[in-house]
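Structure below; questions to follow.
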Amino acid sequence: MSAMLLNKEKWPEFVKMLAGKKVLAPQADGDAMRFAAVAEGEAPALDYNNTRVPPKGALFPQTETMLKFQSGSEQVEEPQLDQETVVLGLRPCDARAMAIVEKLFKWDIDDPYFVRRRDLTTLVGLACIEPGMNCFCSSVGGGPASTEGLDMLMVDLGENYLLEAFTEKGEALLAETKDLLEEAGDVQLKEKEKVVGDAEQKIKRKVDTEGVPEGLPGLWEDPLWQKVSASCLGCGTCTYLCPTCHCFDIQDETEGFDARRCRMWDSCMFDEYTMHTSGHNPRPTRRERTRNRINHKYGYYVDKFDVIACVGCGRCTNLCPVNIDIIETIRQVKEAL
Amino acid sequence: MKTNTNPYIPYPATVEETWYETGGDRCIKTFKVVFDDEEVREEWSHLPGQCAMIGVLGVGESMISISCSPTEGKFLRFSVMLMGKVTRALHQLEPGDKMMVRGPYGNSFPVDEWQGKKILTIGGGIGQAPLRPIVEYVKANQDKYDGLTMIYGARTSNDLCFKGEFEEMSKCDDLACHLTIDVEEEDWEHNVGFVPQMLLDLNPSPENTIAITCGPPIMIRFVLENLKKLGFEDDQIYTTLENRMKCGIGKCGRCNAGNMYVCKDGPVFNYAVLKEIPEAFA
Amino acid sequence: MTEKPKVGVYICHCGINISSTVDVDAVAEFAKKLPNVEVARTYSYMCSDPGQVLIKKDIEEQGLNRIVVASCSPRMHEPTFRKAISEAGVNPYFLEMANIREQCSWVHEEMEEGTAKAEKLVGASVAKVRLLEALETKEVDAEPAALVIGAGIAGIQSALDIADAGFKVYLVEKTPSVGGRMAQLDKTFPTLDCSACILTPKMVDAASHPNIELLSYSEVEEVTGFVGNFDVKVRKKARYVDFNKCTGCGDCAKECRVKDRFPNEFDQGLGKRSAIYLPFPQAVPAKYTIDAENCLFLSKGKCGKNPKCQEVCGAEAIDFEQKDEFVEFKVGAIIVATGFDPFDASRKPEYGYDDYPNVITGMEMERLVSASGPTEGKIKIFNGEEEIEPKEVALIKCVGSRDESVGNEYCSRVCCMYVAKQAHLIRDKLPDANIRIYYMDVRAFGKGFEEFYDRVRRENVRYIRGNPSEIFKRGNKLVVKVEDTLTSRPLEDEVDLVVLGVGLEPRADMREVMDLLRLSQSPDRFFLEAHPKLRPVDTATDGVFLAGCAQGPKDIPDTVAQAKGAAASAMIPLARGKVTINAQVAIVNEATCRGCGFCVNICPYTAIELVTVNRFGNEVEVARVNEALCKGCGSCSAACLSDSIQPKSFRDSQILPQIAALGVMK
Amino acid sequence: MSANFEPNVVAFLCNWCSYAGADLAGTSRVNYPSNIQIIRVMCSGRVNPLYVMNALQQGADGVLVSGCHPGDCHYMEGNYYARRRLGMLKDLMEFVGVDPKRFHMSWVSASEGHKWKEVVEKTVEDAKEAGPFEGFRRRKIEW
Amino acid sequence: MKMDLEQLRKTAAEVVSRDDVRYLVGWKQGTYGYRVAPGFIEDAAGAAELIFSPLCTANLATYLTLAEQLPVPRGEEPDDRKVALMVKGCDSRAVVQLLVEKGIERDDVVVIGCPCPGVIDADLLAEKYPETEDLAEMKWDGEDFLLIHGGEETKIARDELLAEKCRLCRYPNPIISDIMLDQEVETWELAEDEGVQEIEGKDVDERADYWAEQFEKCIRCYSCRNVCPLCYCQDCVLDRLNPTWVNRSVNFSENTAFNIARAFHLAGRCIECGECERVCPANIPLGKLNRKLAREVRDKYGFEAGVDPEAEPFQASFKPDDPEDFIL
């Protein structure tokens, strides 16, 4: 692993050198931020907290064409995925989320779309200096400078960004841009430690997950689920915006003779998600759906992949319209144990 | 089969034969299909209990149990109940039309493990579809099993699937076939009454027996109860789950029952496992 | 069970009507490529026998189950092809027509355009036909009885015709006597027969016909149900006179304490009547009625020591305890013959009708000249000191007709002639009078009308073309201010008597009947017929028909003709004994209906109601359609936010693909 | 927008008045632009306003809804409902930036073959002026 | 106005203690910062959690129809006790409109009216006075707002924070109620709806661009629909696949269709509570669409949603003289 320095003055040039690839970076969108393709000649400013919509779409687009065909024919066409992409400045939690989701998409049978996109994408993270109010990454195995899932991490050291690569793709990126970079020294590495340490200190909200995965099955019928979900609107906000939520729906859509099979994000908070055609629904109310969401993240996923499928990004809490707060929910779970 | 390719790609298969098992609003139609591509046909292998995603391009896909045993030949059979959009499109297929198939998916009944045992299947309505392959499988490998008892019921005689096959079955020595319907009908020679009750009446011995049940949730509940009464141990009992599915390969999320993905870890479950899954009988 | 749609597309050349602008073969080729299309053929005349045979043969041989016919308007041949395919065993509602003649070949010129458009239309039809559903036509029994509302000449005639055909008729009249306006007339144009002489026998017939139940002094309160099966409730208003005991002797009226105090409606208020009265001598039924508003006993609770009428009535028929009664019955058809109101002349204040007693209306003139009228047929006016015969008489036409300022743009159709008739009658009675008629146009279109008009002119009646702007008083004279539009000369014409040729207006109380039967008004505010030309006696409500002036101004011959037409139409369901219910009705998906009742509000036929159903143990309200009432308009469904109510054959799921086909398949 | 752009107009006509009026135009051999396609419904009240949106989304450049004159509705009131609903829709569409020229409503009676022609001409001309609908039209299927 | 919290809690406790009341929905302090959350109170003790403050933006009327109707096991009776609901003026309009649409029956609900001097816009507040994890409180203080946070009190001018919906609010006092918690507040001078006017001022292409940018952002989470007290269909047509009004795929075309359809379905029904806009995670100014329609309905048709329980539903009625200037 090599650590390099990029003077912030050279940042625009750095971005320019990535041209040829698709560069996704946070951009202002009204009063929120979102990941969007960077137009040529533009360099995104990275002083942001986090995007509302996570960058998961880079690997798992909200709507993705899986197959194309002509109605009436049995010939299907697969997408040619070959666009190399760099995601610049994603937060470590979101990168971790991608790694976590990847476990599922690579489990047993590869999901060809996700896996292919992951292969084509270089994830360049940006360590957090000012964690958001509801960030709790450090409680769930991450941290402001977590490197899991990342090909490269940038740390803002004031004048410079410190660049560290962890994978071949990261190294390659450093190599590509080496003309702009300087070798980082111990001073900078020390500085990084401090910056990151400070950031960790700034994380106010914490959850204690100890015993939660094991304990959840025992709380199956606990009144806490009714309590937590009473005010839930059953909207998809918490799941659509969750970087680790990966559920999808598959639909066929036709346009004249052209047709496609596509998939799109789905949400376990929707009643339709598990509804049978007969009208029978194994998860008939928001109580069961909320219980599933928490269990999925803090129980089932741990059982299957040994990791909590929540990276503590705080989005679900920030954006839930009715203040259903996952930190508080987990606290209640703990309490009930 | 074609393991390196995209698992979401369905393969065209030609419908060779179709017939209606039952009538009414939710009629069941059976399709016998054969893959167009020889390679696919050769590579395809499934075991009793497995399912496939079948569908029509432009309309969509549905998970359907493969209702034939691999021992029957190089074709597939599906018995589909008319429910919604996809099943409607499927029902419109006629011999010569194309059906798109991918799979096989899910685990299967551990037919090898069961060798040497008595097999008892208890089915209701369309629930006989996943059981039929076992029956056929055991029929084809009678020497390996210690006989088979089949209990099958439906609301009326018109709601019984695979009717034509039962005659022939009752001729085999080791096969016992017990049919029942909910209410009395003219010309009905078999039992009248609910499946769980018939099970009690037949009073099969749990000794060296595997019981497999499949059908409407309410039936399953009482069958399980009665099996326990008869002295069956949890691990002697198997059933299958049906949750809504989209991908069939454990990615899309929705079919989970607790930490199990029904499409991967199921649809066949041993009751000893299943009863620990809180959502299984929701 | 769901079958695979196998569509046959049949494209008609219509001789060269279609094929000269649409390349029918190209359209057929195009159609063959569409999903589920098994055959596409063209033929010179699809509607002809061989054309139909072609379709039937394909159905039989190729197992087609959906048919698209691309030809003329479905308004023309939809029934033809429905019948054809159902003869071949395909549900008649598995048909869709692409209108490539009226809306394509006949209105476009270029072959290219025509062909392209025809292809789209066929594409859209195929898209829809695949999704159509089999529908069943249902029949229900029809009650062999009719209700006639209003017993003017129209109502009487309809009732008699239906009754003569052997069906029961309930004839409901609001006022104490039948006869309507015609009973008020003196002589009738153009033949000058005496109105009473020709009408009275019919009135009596109507009252005594064994099949007619006359409900006079009654009003229809409620009508529910639908063609063939209307449930009717009628209020028989209290007359306070025992109908069966009253002999019609009239002693009571002569002795009434408030004798001859109240303006007699029948005489247009020119004569007076008592509180107990018979509207006119020939009234049918000849039974007295107490006008509760004016009767001392009924309004004040006291009439001398004892009510006088009660004292004198030998038959002991007076019954102050009488209450309104209700009768209920079932009928299969209804005729509305509620007639008209004469235009209220006060609404043209410039003519001074309210101010000058010597300005009268045509209706009043009818009573004045009538031998049985208040003046026994003498035309007298009061000049302030004495009653004299008028010397100078002016008649003004089009009062309240063809006049936007009062909201009546229409022509009342009878005024030209009745004004001429009245001029003639005045001439008869006042041979020396100077008579002039102010007019805008003379419309003498009917049989014998022009001749009559000529005759009147020859009788020294002056026609002056001009529309008077004002009438005012100068001394003892009335001054008609007018411009003679032929000579462009302003005139101030001094006269003794002015007759306003008032027009006919919709009845002021017609709303009651409209609401009762869910009828509409045409722009002239009379009742709206189903089609102005082809269904002039039908209404949009099946089983409800119009007769007489209720539908629009007309004279007696036209009224009678229409009354007979209405009777004939009304008898169709009665004679058949059955009615066919529209199959393309709306249907509710009770699983998704949220019970908001929007549809209930909207349905003009009150075909929808909210019912409580059990949804998995919960009681919920959902909409339910009465198929017998629904006409399949689909208005309900456009308002249903949950798409839960859908008209069959015009479901969203059938129309959206049609839209798609028009948009995308370019 | 190109001068020879030919818009694609979808029209929803009630069976009793406007459809009959359009038939009359045919019987009278009145010529009018061919880029209008008619979908017949029983009553203008049947026209779900979202059909208009859907037509634009599915490839129409202009939409027309036509029914009986007020008071003449075969079903008495359907056209009044249609008027209210479509009036609202028009306001909404305009507000979200759909050119009001793309959507018209008319009253055409069974006897107004000539009026039908005028209405079609106006609708097509307006749609032409508004140009190909680029708004929220469904795009060709892409990866 | 000073809402007496003691009084509120006492009343609420009484109401939830009634036999015919199932639970009470009110507002309670949220889990951090300025958050306020819907509170489901089932017993008298729970009533102590309730608050009413300028932070109580949420329209709780949505909970009247949100609860799923579960199958009632044979032999059991459905629980038909009432739900008690705290409402501001705007929220009460939702209740009224639900009555008009038979979404609820008057007997199903106990309405506790809270006259409302106007609530704040949480985004504005967070922008100016950054939120922290510890709890903050807010009060009405005469004409102004008082923010109490970390022991400090900050007076904030009303205009600075007043939510847009409140600037335009004509009904600050509950229109119906069974219990009124306070005296009615005086209505205030209405602001111009600048947001809507600004868009109306644009030409049609600019408007198209503006909304394209907005709808492009929609992630189709359907929060706007789910939060809306008047979107209460069991099975929303925009979710349904047969017929498909809107495809499931998320792109500009489908998003626009969804948003148009949603707005249109609320024409003459939206009671301008602003919830849809508040919850939209993509910050799409949905309120402008609704208000535009509501204004047209008011100006052109003389109708206002949710003010008269006896009214005929706007979309299911007409007047013979409804405007028809747009008709050819």
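When the chains are written out, they are named A, B, C, D and E in that same order, and each has its own residue count from 1.
Rule of thumb we're sticking to: contacts are C-beta pairs under 8 Å (C-beta built on N, C-alpha and C of every residue); 3 or more make two chains touch, one makes a residue touch a chain.
Because the structure is predicted, anything quoted here is derived from the model rather than measured.
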Shortest hop count from subunit B to subunit D along touching chains?
2
Most distant chain from subunit C by Cα centroid:
A
Contact-richer chain pair [A-C vs C-E]:
C-E
What whole-Å value do you get for the distance between subunit B and subunit C if each is reduced to the mean of its CA atoms?
66
Separation of the C-alpha centres, subunit A versus subunit D, in whole Å, is 47
Approximately how many whole Å separate the CA-defined centres of subunit D and subunit E?
36
What is the distance, in whole Å, between the centres of subunit C and subunit D, each centre taken as the mean of its C-alpha atoms?
32
Could you check subunit E for residues that touch two or more other chains and list them?
70, 241-242, 245, 247, 251, 315-317
Going by residue number, subunit C touches two or more other chains at 591, 602, 639, 652, 656, 660, 664
Going by residue number, subunit D touches two or more other chains at 49, 54, 71, 77, 81, 85, 138
Hey, which residues of subunit B end up touching subunit C in the complex?
20, 23, 27, 82, 88, 91-94, 97
Which part of subunit A faces subunit B closely enough to touch in the complex?
66-67, 69, 71, 73-74, 76, 78, 104-105, 107-112, 217, 220, 246-252, 254, 259, 261, 263, 266, 268, 273-278, 280, 282-283, 288, 292, 295-296, 299-300, 303-304
The answer for subunit C against subunit A in the complex is residues 35, 591, 660, 664-665
Per the contact definition, I'd like the list of subunit A residues that touch subunit C in the complex.
71-72, 255-257, 279
Where on subunit B is subunit A touching in the complex?
6-10, 12, 36, 57-61, 83-84, 87, 98, 100, 217, 242-244, 246-247, 249-254, 256-259, 264, 278-279, 282
